[in-house]
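I'd like to ask you about the structure that follows.
Read from first to last, the chains carry the letters A, B, C and D; within each, the first residue is number 1.
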Amino acid sequence: MTRLKKDKVMNLKAAVSAFVRDGCHLSIGGFTLNRNPMAAVYEIIRQNIKKLHLYVHSNGQGVDELIGAGCVARIEVAYGGTGKFAATCIRFRKAVEQGAIQIEDYTNYQMTLRFLAGAMGVPFLPTRSSLGTDIIAKWGFSREIRRAEPGLPDHKLVVMDNPFPGWGDTDQVVLVPAICPDVTIIHVHEADRRGNCRMQGLTFADVEQAKAARHVIVTCERLAGDDELRHHSDQNQIPFIHVDAVVPVPYGAYPTACYRYYDYDPVYLKDYAGAAKNDERYAAYLARLRATADHQALLDGVGPARLAMIQADPTTGYAVDLDRR
Amino acid sequence: MTRLKKDKVMNLKAAVSAFVRDGCHLSIGGFTLNRNPMAAVYEIIRQNIKKLHLYVHSNGQGVDELIGAGCVARIEVAYGGTGKFAATCIRFRKAVEQGAIQIEDYTNYQMTLRFLAGAMGVPFLPTRSSLGTDIIAKWGFSREIRRAEPGLPDHKLVVMDNPFPGWGDTDQVVLVPAICPDVTIIHVHEADRRGNCRMQGLTFADVEQAKAARHVIVTCERLAGDDELRHHSDQNQIPFIHVDAVVPVPYGAYPTACYRYYDYDPVYLKDYAGAAKNDERYAAYLARLRATADHQALLDGVGPARLAMIQADPTTGYAVDLDRR
Amino acid sequence: MEYTLKEMMAITAAREIKNDDIVFCGTGISMLAAMAAKNIHAPECVIFFETGAIDAKLEEIPLAVADSRVMYHTAANGGLLEAFATMQNRVTGAQVLGILGAAQIDKFGNLNSTVIGDYFSPETRFSGSGGGCDVASFVPRSMIFMQHEKRKFVKQLDYLTSPGHLDGPDGRRKAGLPAGGPQCVVTNLAVMRFDDHTKEMYLDGCYPGIEPRTVLDHMAFVVDVSRARPLAPPSARELKILREKCDPQRLIL
Amino acid sequence: MEYTLKEMMAITAAREIKNDDIVFCGTGISMLAAMAAKNIHAPECVIFFETGAIDAKLEEIPLAVADSRVMYHTAANGGLLEAFATMQNRVTGAQVLGILGAAQIDKFGNLNSTVIGDYFSPETRFSGSGGGCDVASFVPRSMIFMQHEKRKFVKQLDYLTSPGHLDGPDGRRKAGLPAGGPQCVVTNLAVMRFDDHTKEMYLDGCYPGIEPRTVLDHMAFVVDVSRARPLAPPSARELKILREKCDPQRLIL
């Protein structure tokens, strides 16, 4: 087993090609416009990996770019939006309307519980969310598809009577099936060579997504010294035993934000939304993206002035007074 | 509602008598010889509160003292021990052997999941732990007792076939019923007046125990400034919305340890174990304890030399080279 | 004093928020309403986001619930698990007021934020539930923001994403949901509420200058307008706080 | 070189631990065995405790799994939820070697750490499962420490706290447990293992100077002794590391 080895540092190209294969079940961390593992998303696009089965909750920008680049065959998702920049993610919307991808709808809590179930090693977890709704009534993946595929549970959701009658003031619960992705990719603030991870600010569902997966790629803003994260280790959310590859990538979440490092780039996100609305412009966007050798080349194209503009203020953790209109 | 109010500071006497009543369902935080809310335990003993229904996982010292003082009628528990000082807690053992208390056995993970279920607002959670064992087969609280009491779930545990056939490589699961104590008491490192809490080192199941309860008393080593814990709030495990009372009590976990503040006191714990073995000596111990006006008086009795001996080393967080034989 | 419709909506919604509310917020105008309430009359109320941020010092308007601006100076920074558990939790959940929005609403306050048309080949795809269905399922009270349009106030939802009162007074109980449900709908014309007995929507109040007939003209179903009263415009103090303290950059207003 | 029985037990157990093991540890001799393995031949193996501490720098012997000494210089400090989920988790759990102890054991490696006598009016009450049953349920391999005594190696447990192979080869599968189970029992006389086919205990090796007959004399049931081999005593290097690096204060040895 390699998960206990002391040095897991790899470059992004090698990590993506080692773990992310055509057709694999992938989940990515972050939330809408924050801490999406964008460098890894762009590398997946460069490597032109196809037919991904994607599990996400509300990972806006990363999801839209993977779908826009034609990497995704199926998605299980709670929310496809990027806040003010795209109330509904644009390429996601087009792909669903055109039937280019298959979709299964859950709620944010359900997706999070599904990752937690995978992380805990149980087949399901219960909640009261969605009782009486079409989230339960309508299945994006039919019974036939589900039965035919060993990689999918037989049911989207199961409604069950409370086996402890009256307990918790509850008559019924919804059981959500566990997710165990082949690969989870998250972007964190600091990681050490062995794979201990520290995030700052909200962790979203990154911890559960990572622990649920068979393989975990961690990209990080900064590679910490071997002993560094062992001090105040209360602040480490993911111990190395869950991690396969550590990839230092400064600005690895760009153009989404990384609390206390940099903000989202409103210019990039607005330009992206503009391009996404038009197939021709989007093709040009993709061609430019694919022409970049790596994330550093993409950042070089953006230029130091824009990166300076989004530097996080050391007190608040975001770029104060950034022009976000 | 009072849970949003800005100042929840109370003294221990008032907090205990406001929330801990005869016969109430109580849970206490900590683990064996670490961060038990001992000041609160001793105050419960001083107030001679009776017939408690106690929910704990492995809270050794606190449990044994509450039982020894005759405060407990029933206990749901995973482990009654205090490490090297008492492989099995001595008064706990006597009480069970003499039939002085009723006991229901679970595992540590099951008790933790039961608190988590309460915190999550679901009636149960699933696990694979204890399939095929007497933990499932033997019920300390009979069906009759369970049916008669609305404060108890009808079943100790429920074994269920996996409703997602084959998913998660699992055919069966055990469902553990939620716990929602009337009161949870935990001891933390820092809290502010509104009730935000920060612990250092391991959190055990304190967070779940607190969030599961109707009322929460937090004792803390140090009352933090109103703004202080808002900086680096990633390190706060319990936000104020879960807390009813904040009670500053230096050495509030003594004689158990509080990481980075002080170690457990081997002399106290050994003397306690010695007294616990003998009913007469134990009665004398209890009389001395009840004669103390408050926790400070108890600490005064211990004396500054012993407290100096257990001061935590600033690097390791425990008392290096402490004589623990 | 002059004011815009958005300002009227934000202030009208803010007035629904009480000092002992824990307010679940989305982005946009709902966040603004909560910030206004906190600054105007409910200083102890708590704003929290499904991403896990509780009681942030919102010095700038966040453009998404995951915006780094929600992470600063919080009571705690958790994750999605903690946020939703807080709402499903019996003790803390009882104090939560949820603020929601949607593409369609029906007379029982059920919401669609998933598709227009057939789910399996939609005319228009929206973002999906996000945390909306979770909030609507768990919390005892919610407030809904809507544009008052015929295609949005519909007889039959194309997809029921978030439960309101479902099919009427007994709907939530039959489905296994906790009691409660939507308490009001704040639109660009009026405030709608739900009848205690039938759980059907009725017109509670109209914005200055709006007639009940105008409201009905903007809905595909008929509601009781007999209880309608005129709503007070924003006061000078309310407007000042909203403009100067809540959104000085005018990112939303 | 002279050595004590405790040292022999610690070293014998340490030899079972491999470099790619995540070792679940209790207190006492099990912790010492794991520390010895890490210092002698398995530097990458990870020691972790049910309290949530992973890979602590154990500069002093902890006297309980909640001892502050397990919290120093860890990979992460979590809580019970994380610790047990790590074992129930399919990926990390597959790598875990659990170390357990008990008051009674039967021929299938099932353990009692709850009561002697009737559960409802016990002669002797012990601490109870703690995390023992959880570990025994979840992990594919476990090692059990026992004193070799007739009253401990029993035909019938008074209470089945932690599952071994239950009633035989198919026991765990029938009960719904993951495959695996105890791989060996390290005692003060010998090492016992479980037959691949019958899952019944057999004598694998005796400590220097111990005869198979002596082992049988200390058990209330009979096991196969035909495969027994003599076990090597601790080497000078093993003893030196155990004494000087693992327990210099001799709190356990």
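As a convention for this text, a contact is a pair of C-beta atoms (placed from the backbone, for glycine too) under 8 Å apart; a residue touches a chain by one contact, two chains touch by 3 or more.
All of these numbers come straight from a predicted model, not from anything done at the bench.
Traced through touching neighbours, the fewest hops from chain C to chain D number 2. Between chain B and chain D the centroid-to-centroid distance comes to 27 Å (mean Cα coordinates, whole Å).
Chain A and chain B have centres, each the mean of its CA atoms, that are 37 Å apart.
Between the Cα centres of chain A and chain D there is a gap of 40 Å. In chain B, the residues touching two or more other chains are 120-122, 127-128, 168, 170, 173, 180, 201, 234.
For chain C, the set of residues touching two or more other chains reads 73, 77-78, 88, 90, 138. Chain contacts in this assembly follow no simple pattern; the graph is neither a line, a ring, a star nor complete. Listed by chain label, the pairs that touch are A-B, A-C, A-D, B-C, B-D.
In the complex of the two chains, the chain B residues touching chain C come out as 1, 3-6, 119-122, 180, 194, 196, 211, 213-214, 227, 230-231, 233-234, 236-242. Against chain C, the residues of chain A that register as touching in their complex are 30-35, 57-58, 60, 77-85, 87-89, 92-93, 96-97, 99, 105-110, 112-113, 116, 127-135, 137-138, 140, 159, 168-173, 201-208, 257, 259-260, 263-264, 312, 316-318, 320-321, 324-325.
Chain D meets chain B in the complex at residues 27-28, 50-53, 59-60, 62-73, 77-81, 84, 88, 90, 114, 119-134, 137-138, 159-163, 166, 171-172, 174-178, 249, 251.
Chain B contributes residues 117-118, 120-128, 153-155, 158, 160, 162-168, 170, 173, 175, 177-178, 180, 199-201, 234-235 to its touches with chain A in the complex. The part of chain C that touches chain B in the complex is made up of residues 19-20, 22, 44-46, 54-55, 57, 73-78, 85-93, 95, 138.
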